[in-house]
Each structure stands twice: as structure tokens, then as C-alpha cells.
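Here it is, the structure, as C-alpha cells.
Naming follows writing order (A, B, C and D), and every chain is counted from residue 1.
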């Protein structure tokens, strides 16, 4: 009789996977999760699958230890600890994106800092930190494979919206699925624009932190404008 | 009995939104307006909506104060003052595009000037000025949110076809919807080409102002050639 | 009873327009011509139209003076003199492409020479010359608008396959439509690759002229491999 | 009664051609082969055809001398010796890709070494060697046209996954078709990201060889995730 109360959130999570794949922010790898609305220690994340192929049936629930809940024995992503530890460290975060998008990784391999060069990237604030897994864990396969590594990543993220991962990618968070997707999309776009600005060879002026803070507050009010477009593109609704 | 005399202009305005979205000059943000043909103090602009989704029914009329006319209570764009103040300052302007396109913003964040490097960008003349909202309005959210800010932007535009906005985007104007769209399209393309020319590391030679002026006069005669193509792409007519 | 003996050539010319538009070597501007097979002083070229929209019915014949033949009063391209004067200067040339493609114009605005950096660009030989219309004709609208300007462009082309045009674009020629299209396509691709090679900041090694000559001879034998693919893409045949 | 035991492998080979064309790693040129599973001295490779057009019927068998087997008189690729000599030198290699992809050739024309800048490129290990055909064979048309040239290329490849070819392209190998395709795809992506990282102007930190080795071992376990996506894109299955 009653519809699944999780259905709208799962539908947004499926849309998020497809949107980020459609716009090249995710390729065959990367993932998006949402905190469980009634069990805040849990989160929802696809089984191990290319994001573009994710459907509602692929979404699994994970516990506070980032292990599959309810005896679900499908293959999970190796890096689910990114999600679990960010949710533990940041109670207000409701959605997490992990991506290897092509304009962002250069900043994760470079000593040059990713900064907001236009107002759509204002969530970057004073610039994104880079988590270098080598500093604490030595020589690894570069993945966040356990809770300790996830916790260290969450510590580097701190109170920010985005953290880069050296030689790997980035993580963007938000207090809703649309906000986390917006930030992942515009992390990629802002990175591309900053790269091009640097290549011009002149002086580059990012937003100052005060401008970024005011702009970020404004952007929160218009997130649904592109979200409606993006959902229409991949889900056919609107 | 009689068809709406505004219908052809509104149809062009819808086409303009979709064309600029199709070619990536607009994403989920940005907007296009046209001056009202019989009430020149008014202008026509979509309600707050991603440009790709705009239909004729979404077009609203705005008064000289950039506020919705005729009691229309739908949500307008926050930055409608860009349009209203440009129309006030430039009586011959009939259409205005505001964009965050990816090759142009680098010039809006850099000390390097955007100049015409090929004849399709000749409307850039001696190069595009950059409006820095901070100079007069201090720390803001970067948006043009009121008449004073719109007026300052229009002053920076002066008699030009294009003005950049620091940390934000640009505005292109024209004496028809096709001309404004043409200029927005080729502002993006020229910026991309100038960036690549600079990256070659040699000496870059833009059009000199005399060449730009002669070329711009010629281009005015061929604007409908790409406009026909662009409309065909997004409206299916031709 | 008998089919038009020009029909296969005109069909290739239509395909050439659509192929170059499909791959972004032409946008709303640029054009492709073929020498008339039985009247070698004449050439075939579309009326003034965006290349992607060209059909067989749009092809006009032009005389040795680059003016429409047979009293055809449709609007021709302003720059048809490029084609007529190249055909006059180069009897073996059977097809001509004029393009504003985005990776090539940077070299037409820069002191850095376009050179073959991989074997598909070997027709560039020792590098492409740049025709600067200003040197002989002073301040112009940058277009090749008459026979004298076309003749000067053809002189700069000399015996080469490609000549760049400062602040404008380039011309590629071949002894068939597929060869001219191949050269236009790989002028764009080679330019993009050379730009990226320069941006790496190390030493760049182009093909030496001997390698380029041998490679060009080989490439002549495989032109139909991509041509078959390209025709399939835009004409649906194959 | 019994289905062709080669059919699944040939189907993967067709998919590989179309995947690499779909993502721009192959254009009208380049090719993919697989070692024959029951006759390891043989390999399977399309007749001379643009990769996007390859079907199962186009696959030919070649002997240890890289000449067509079984009297097949269809036109082979000129550079089939790349494949034959790599299979001879590397018994564990089961698939070979030869590509001219646009982000990789700059490294094949530059003194700057291609290195893994993120974990998806970890198969690049300590960096890719560049085979310069000129060193041993003098002035050529740049193609690998005979067994001696193929053998020299295989020697430069050594035990690596990828070798670049000066002024030409690259070769990627794997112990299955999906692994070779994965490596060709991420050679292109890693090259693009490394180029962008260099252009930022700061210090670039690649994966160190120990990280690359651990990461490569992990990647081997997740190759089928993007392969499933890629097959779905071009073959419609999944």
C-alpha cells in the first residue's frame, strides 16, 4: 500500500550517478552516496558498478563501519570508507561524491592550489586542500581502503566542501544530493577555467574569501535551477 | 483572429536560449533578453529557468526598473538588472546575452586582455574591458543585483559590443537577437583561440582596430548564415 | 535517360561539406569546392550557405573569373576568389577547402610555425606559410574579396598543400575531394597536437622534410580508409 | 551444431575497435588485435578498415610472420608487423592496440616523459619509453612496415605495458582484450591530465614506482567495471 519512503532519495541518487557520468565528472569509476534519512549512521551507495549503469535496484545500505548492512552480499566499491568516514566526521553532510574528473586531477598532482576563479566555484572558499595518502600511510595502491584511511581523508577535508586526493581525484560533499552534485560539477568546471587562466600568463585574481562566502550563500538558493536541467537530461522528467 | 505580433521575436528568444545552451555558451545559468519592439522601455526575458528549458510560455516582460511588468509574479532572474540598465544606456541595443562561458572567464580572471585574433571576433575591436564589481561596490556575492550595479556595468560596457565581468562572466549586446547571439558565440570561440595562440609561446598578432572595424561591418552582412544553421539545430526549422 | 555525369562529384562535394562540419573543421562559415571535371577552367561551389546545410541543389558553377556561370543569380560566397585563383595557379589541384578551424587559427595569429608533428600531418612538409593580407593590401576586412587578393594568396601557397591566413584561417588543396578533406581534417588535428606538444615545455621534434615526403607518399594510398568512415557518418552510405 | 569457439573473442575484438573509436582513442586509423587462443603463434586482426566500421566478418588470421593465414587475400593493414612481433617477444600478451590518440602524440614528439599522474595510469610504471624509428632505420615513412621494424619496436617496449612511437602514436598491450583496451583508454586520459598538470606551472608529482606497482595490481581486479560500460555503449549489450 505505502510506497517506499526511500524511493525519492534513491531516485535522486540514481540521477546523480547518471548526471555526473553524462557530463564527464565520473567515467567508469567514481561513486555518489546519500546519508540514510532515518538512520543517520547509515548511507546508501551503489554496488560496484560504473555510475552510468546504476539503477535503483543497485543501491545498497552500509553501516557506520562502511560495511554492507542487512547481510547484502553484493560486491561493494573498494573505497566505500571515503563515504562512511565523511558521514561520521560531518553530521550535516547528507551526500558525498568521489570523482576522478579530468580538470581536477592536475591540481591533485601539482603544487598549484585550486581556487575559486568565478562565482560558481565559490564553495572552494580559500582553496581546496590536497590529501596525500603517502604522508601517513606510506606506499599504497592510492585507494582509501579502510576506516583509518577514510578518517584521515575526512580530517584533511575538515569543514570544507571539497578535498583533493594526490594522484587520484577528489571528494565533494553537500547537505543534499543536488548540492553535492552541483559542487562536483563546478569543481571540474572551475578547475578547467583556472587552468586556462593560468595559461594566459598574466596575473590571475581568484575570488577573495569574503566574496566566496557571500557568493556561496547565494548559490545555495539557485542549486535547483541546473539540477532540474540535469535531471531532465538523464531521467527524462521535469 | 490576429496572431500575437510578439510571437516571432519570442520564438527567436527561445531559439537564442537553446542555441547558446546547445553550443555550451550557457550552461544551467545565464540568460538572453530582447527589447520590447513596441514599448522600448520594456524588455522580454525568461522567468528563472535553465536556458535550455526555456519555452515561449516562460518569457516575462520587465519594466524600465527591471521589475516584472503586468503583475507577473513568477520568479525572475536575480541579475535582470544587467538587461534593464544596458537597454537604458544604449538605445540602439535590441538584445543582450549574459554568459559564464568557459573560455571567456579566464580573461575575466586575468590581467591579459581579450582581443580579436581572427575576423569572426572583430566586434571585440580594441579589446574587451573588464567590469570589476569590487571597485565600486566592495565585497559582494559577485552578482549584479540592483540598478546601481547594472548601471555601473553598462558604464563599463560603454559603446562596446562586449564587457567581461571579473570572476563571473560577460555580457554581449547587439541590435537584434541574432547579432547578440553571434557575438556571444564568437566571444567564446575567439577567447579559446586567443588562449591557444598565447600558449604557443611566440608573438601573437591580433587584428588591428582598423581591420576589426572593416571586418565587423562585413560580418553584419553574414550573420544570418550561421543563425539559420543554429536555429535548424535546436528548433528543427529552416 | 542518362544520369548527370557530375552527380558523383557533387555528391562527394556535399559529403565534404557535411564531414568538415561534423568534425568541427567548418562551423557556420568556410567552404569546399571541386574543379569541374570536363571544363577545367570552372569550379563547383555551394551558394552562400552554412556548410552543414549544403545539398546537391545548392552547388553552383563558377567561371575562371570566380563569377557565377550560366547566369546563376543565387548569392555566392564573398571569398570565392580563393578557389578560382588557386585553380588557375595550380592545374593539378582538383579540390579546395577554406576553413576557420579552432586549432589552426592560433598558428595564423602567432610567430610559431605549423609543422608536421606526426605522420598524418606529413603533407605540411617543412611547415605551412602564413599569408598576411596586410602586407600587400593594407587595412582590409581580412577577406579575400577579389582576384588580386586570391592571386596573392595562391602565390603564398606556392606548391604546398596548405597555407594559413593571418587573423582568419587556412586553405588546404588536393588532387581530389577526399584528399583535400583529409588534409583539412589533419591540419586541424596536427595543429592541436603541436600546440599540446609545445605546452609540455620540452624540446619538440617534428618530422624532418625527408620523413614527411616519404610519409605523404604512403598516406596517399590510405586516404579512402577514413573517407569511407566519414561518408558513412554524414551520408549514411558505405 | 557447435558454435564457433572463436566467436566470443572476435566479438570482444569488434567491441574493442568500436569502443576505442567511440572514445576518440582511434580515429580512421589504428587497430586492435588478439592472440589466437588455440594457435598462439597466430593473431586475429581486421582487414584494412577504419576501426569504427569493423565487424566480425572483417577479422582475419595472421601467422607468425604477420602475413595473412589460410590464403586470405583481403587487404591487410600495412603495420600488422607491430602485432606479430609483439606477440613473438611477449608470450603472455594476448591483445595489442596501436593508436594515434591526440593527447599521447605530444609526448611522442617531446622530450618530456609520459608518467602516471593518477592511479588509473599506474600501468605506465616509471614512465613510457619512446621508440624512434630513425635511430636504427634512418629516414622512413614512419610506419612499422616489416618484421625488423616490428622487432625493434617490441625491443623498445621491453616488459612494459605501453611504448610511444616518435612522430606517430603508441602501442598498448595486455593479457586480455579488456586489459589492452583499458590501458589504451587510460594512456590517453593520463596523458591529457599530465599535460594539464604541467601547464599549471608548479611542481608535478607523479606516482612513484612503488605506488604504481601496487595500484596496477589493484586495477587488474576492476577492469571489467568500465569494460561492461564500454561494451554497453557500442554493442548495446550488458
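By definition in this document, a residue touches a chain if its C-beta (ideal position, glycine included) is under 8 Å from a C-beta of that chain, and two chains touch if they have at least 3 such contacts.
Just so we're clear, the structure is a prediction, and the values are computed from it rather than from any experiment.
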Third chains touching both chain D and chain C: none
From chain C, the most remote chain by mean C-alpha position: A
Separation of mean Cα positions, chain C and chain A [Å, integer]: 46
Intercentroid distance (Cα basis), chain D paired with chain A, Å: 32
Multi-partner residues of chain D (at least 2 other chains): 199
Pairwise touch network: line, ring, star, complete, or other: ring
All chain pairs that touch each other: A-B, A-D, B-C, C-D
Parts of chain C lying in touch with chain D, wherever the complex brings them together: 116-120, 122, 189, 192-194, 196-197, 199-208, 210-211, 214-215, 217-218, 222, 225-230, 232, 238
Residues on chain A engaged by chain D in the complex (per definition of touch): 27-29, 48-50, 52-53, 78, 100, 102-103, 105-112, 134, 139-143, 166-169, 195, 198-199
